[in-house]
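In the two complexes that follow, chain A is the common piece, with chain B as its partner first and chain C second.
What follows is the complex of A and B.
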């Protein structure tokens, strides 16, 4: 079983396909679950705290907006854990943790420079593209050891 | 550790969220189920959830999609009932991906059918207008 980072990290389609093939999908909801299940000073525990913006300094400079650093506090450790990655562009979702273009660029850069098996695709828009999309993901996941 | 998962049905799946809920109630697993507009949420111990996930997938392998959720069902930080309405944060991605689930289902069926033919790669999409081309258009229009 290989730890496969999916990007967008909230993608249901990608995490489902990865787990169907018997690998472990690294998704942001698992990171959020760890945070909210860990006892802390915040009651109820928040999913992002001022401490996270500080942890994000490991991945982005201090003059980078705190939104990027806060997101990277969750996404950065996932990139470090990843043995392989699937990145899909063109989701058109401009809200939430995938709504920050700078974070998406930084995460993409870190994944490309990590030198792990990486598959980059676009979301399908018709049936022909969907067949190609599913085939490429299956072939990529089957090739992982 | 307790885990929560979303189970989302494709629009062209013949399985309804209520069918999934009924199956889980009948299976005897110690799992909480909540029906939603797009599928069901299941919450329980990790081992129980893993078994239930296998049974749910078997109902319609290409038409049922499952993802993890960070917060438990009805959590006041996410539940609309506690936040005065509006879309739940995180719904937008599910909404976007739900629209293309029928396409993914067709892709999974074609792939599982042992289709030996190599699928046709997507055509190159129109790229951004280059600055040189824009400059040429401006010169042509205003000269």
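What follows is the complex of A and C.
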């Protein structure tokens, strides 16, 4: 079993595929859950505090917008933990954690340069493409040790 | 409860959403998020005319279109994105213009960092809520009865006494202790007007020390300076009908306000560095060995193009000042360059966010430094009006508005 980061990290479909193949999916909902289950709500609704934006300095410089750094405080540690990754582009509408295009570009760059097994795909637009999409992901996941 | 629609990208990930909500709650408002369908976001380009790579910005634009379709769902709009995000800044500006052009809702635009606190936002939120809540009071055009205003500013405290639409007494002192300075300024205004304190029917306070001074004097009106200054400005410049733009370069921060029929609409409140404020001109006057009241006259004899100066930061601005004098530049040219530098920053950082419409009215003590309105005229290519009593603008606005409460 390996830790597979999925991107967008909010994707339920990708995380389900990863889990079905016996691996651990790294998804943002788990990170956010840790935040909101922490006693005390400093900054509802996500309980991300200005300290998180400072922790994000590990991934982006101080002149990078605070929203990017705050998001990277969640996504960055997941990238560090990842043994493999699946990235899907062109899924149309990303909101919330993936609502910032600059964060998505930075996360993509960090995953590509991490030198881990990485599968990059386009979001399928019809049934044929969807079948091919699932097959490619299954083959990739089966090939992971 | 005033409903403010929040159109944003990033505050919850910058850890400041709680601060935004706290600021809204403090001024009796609630932030709401207009509901949209996924389809609205997917078709944002068709509906708004613009689509960007960031999903949250597309969501903000989709929400803006929903507000324009159903303007009764909110009372005001707050558009906010991360500081230093180019995409965010473009969208923020376009949303502000879109709401402004397609509704009568007041809009506040703001870029935040993780250091943004509720306190930073309070004056802006208060102005937004006042504009939404007290349209009747704000549309008041005449001062009636015997009222007074105190403007407790960061550098100076001003006071006026007004009777039946006329200023009859003024007082001006440097701000040291808030209450002590307010007492002195108020006493001076009362003495000049020849009236006793107990005769005053209503007192309004504004400026940084408004809460403290307001409590001390049991003021009928305690109001932030954006609303009050814009009222005072259009009253004194006799521009209460139609559009107007008010520019107030203060000792600590600057305000640029778009006014329609005497009611403030869009506004910006800046002051990243003291180099863009009256503080830098005070420092310039001291370095040139003239009184601040003489700086303007000196500047009017100078040519700013002969002295390179950028006071984006007061330290660098001071370096330019010292270097220019050491290089043999004339005091007149340096004085004008300082005025031009301050005006340029207000133009670059604040006026770009407003639809500058004539008449353009400059107010506050700095408007009396003649070089400053002249520099602003050059930058805007428009005539600037500096009304009589420009330095008392906050007190005049407070006195005018409080007379409405006395009548009620």
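Note that the second predicted complex is superposed on the first by the 137 of 145 C-alpha atoms of A that agree within 3 Å, B and C clash if a C-alpha of one lies under 4 Å from a C-alpha of the other, contacts with A are read in each partner's own complex, and residues count from 1 in each chain.
What we mean here is this: contacts are C-beta pairs under 8 Å (C-beta built on N, C-alpha and C of every residue); 3 or more make two chains touch, one makes a residue touch a chain.
As the structure is a prediction and not an experimental result, all values here were calculated from the model.
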{"item": "Touching partner for A:70 - first (chain B), second (chain C), both, neither", "value": "second"}
{"item": "Partner chain(s) touched by A:95 [first = chain B, second = chain C, both, neither]", "value": "both"}
{"item": "Residue contacts with chain A in the superposition, chain B compared against chain C", "value": "B"}
{"item": "Touching partner for A:132 - first (chain B), second (chain C), both, neither", "value": "first"}
{"item": "Partner chain in contact with A:32 - chain B first, chain C second, else both or neither", "value": "first"}
{"item": "Which superposed partner A:12 touches (first chain B, second chain C, both, neither)", "value": "first"}
{"item": "Overlapping contact positions on chain A, where the chain C interface meets the chain B interface", "value": "44, 46, 92-93, 95-96, 98"}
{"item": "Interface residues, chain A side, partner chain C - complex", "value": "41-46, 48-54, 63-71, 74, 92-102"}
{"item": "Touch list for chain A against partner chain B, complex", "value": "8, 10-13, 15-16, 19-20, 25, 27-33, 35-37, 44, 46-47, 91-93, 95-96, 98, 122-135, 138"}
{"item": "Chain B residues within the chain A interface of the complex", "value": "1-4, 6, 8, 57, 65-71, 76-77, 89-90, 92-94, 96-97, 100-101, 103-104, 106-108, 110-111, 115, 118-122, 125"}
{"item": "Chain C - residues contacting chain A, complex", "value": "9-19, 21, 38, 41-42, 52-59, 81-85, 87-88, 112-115"}
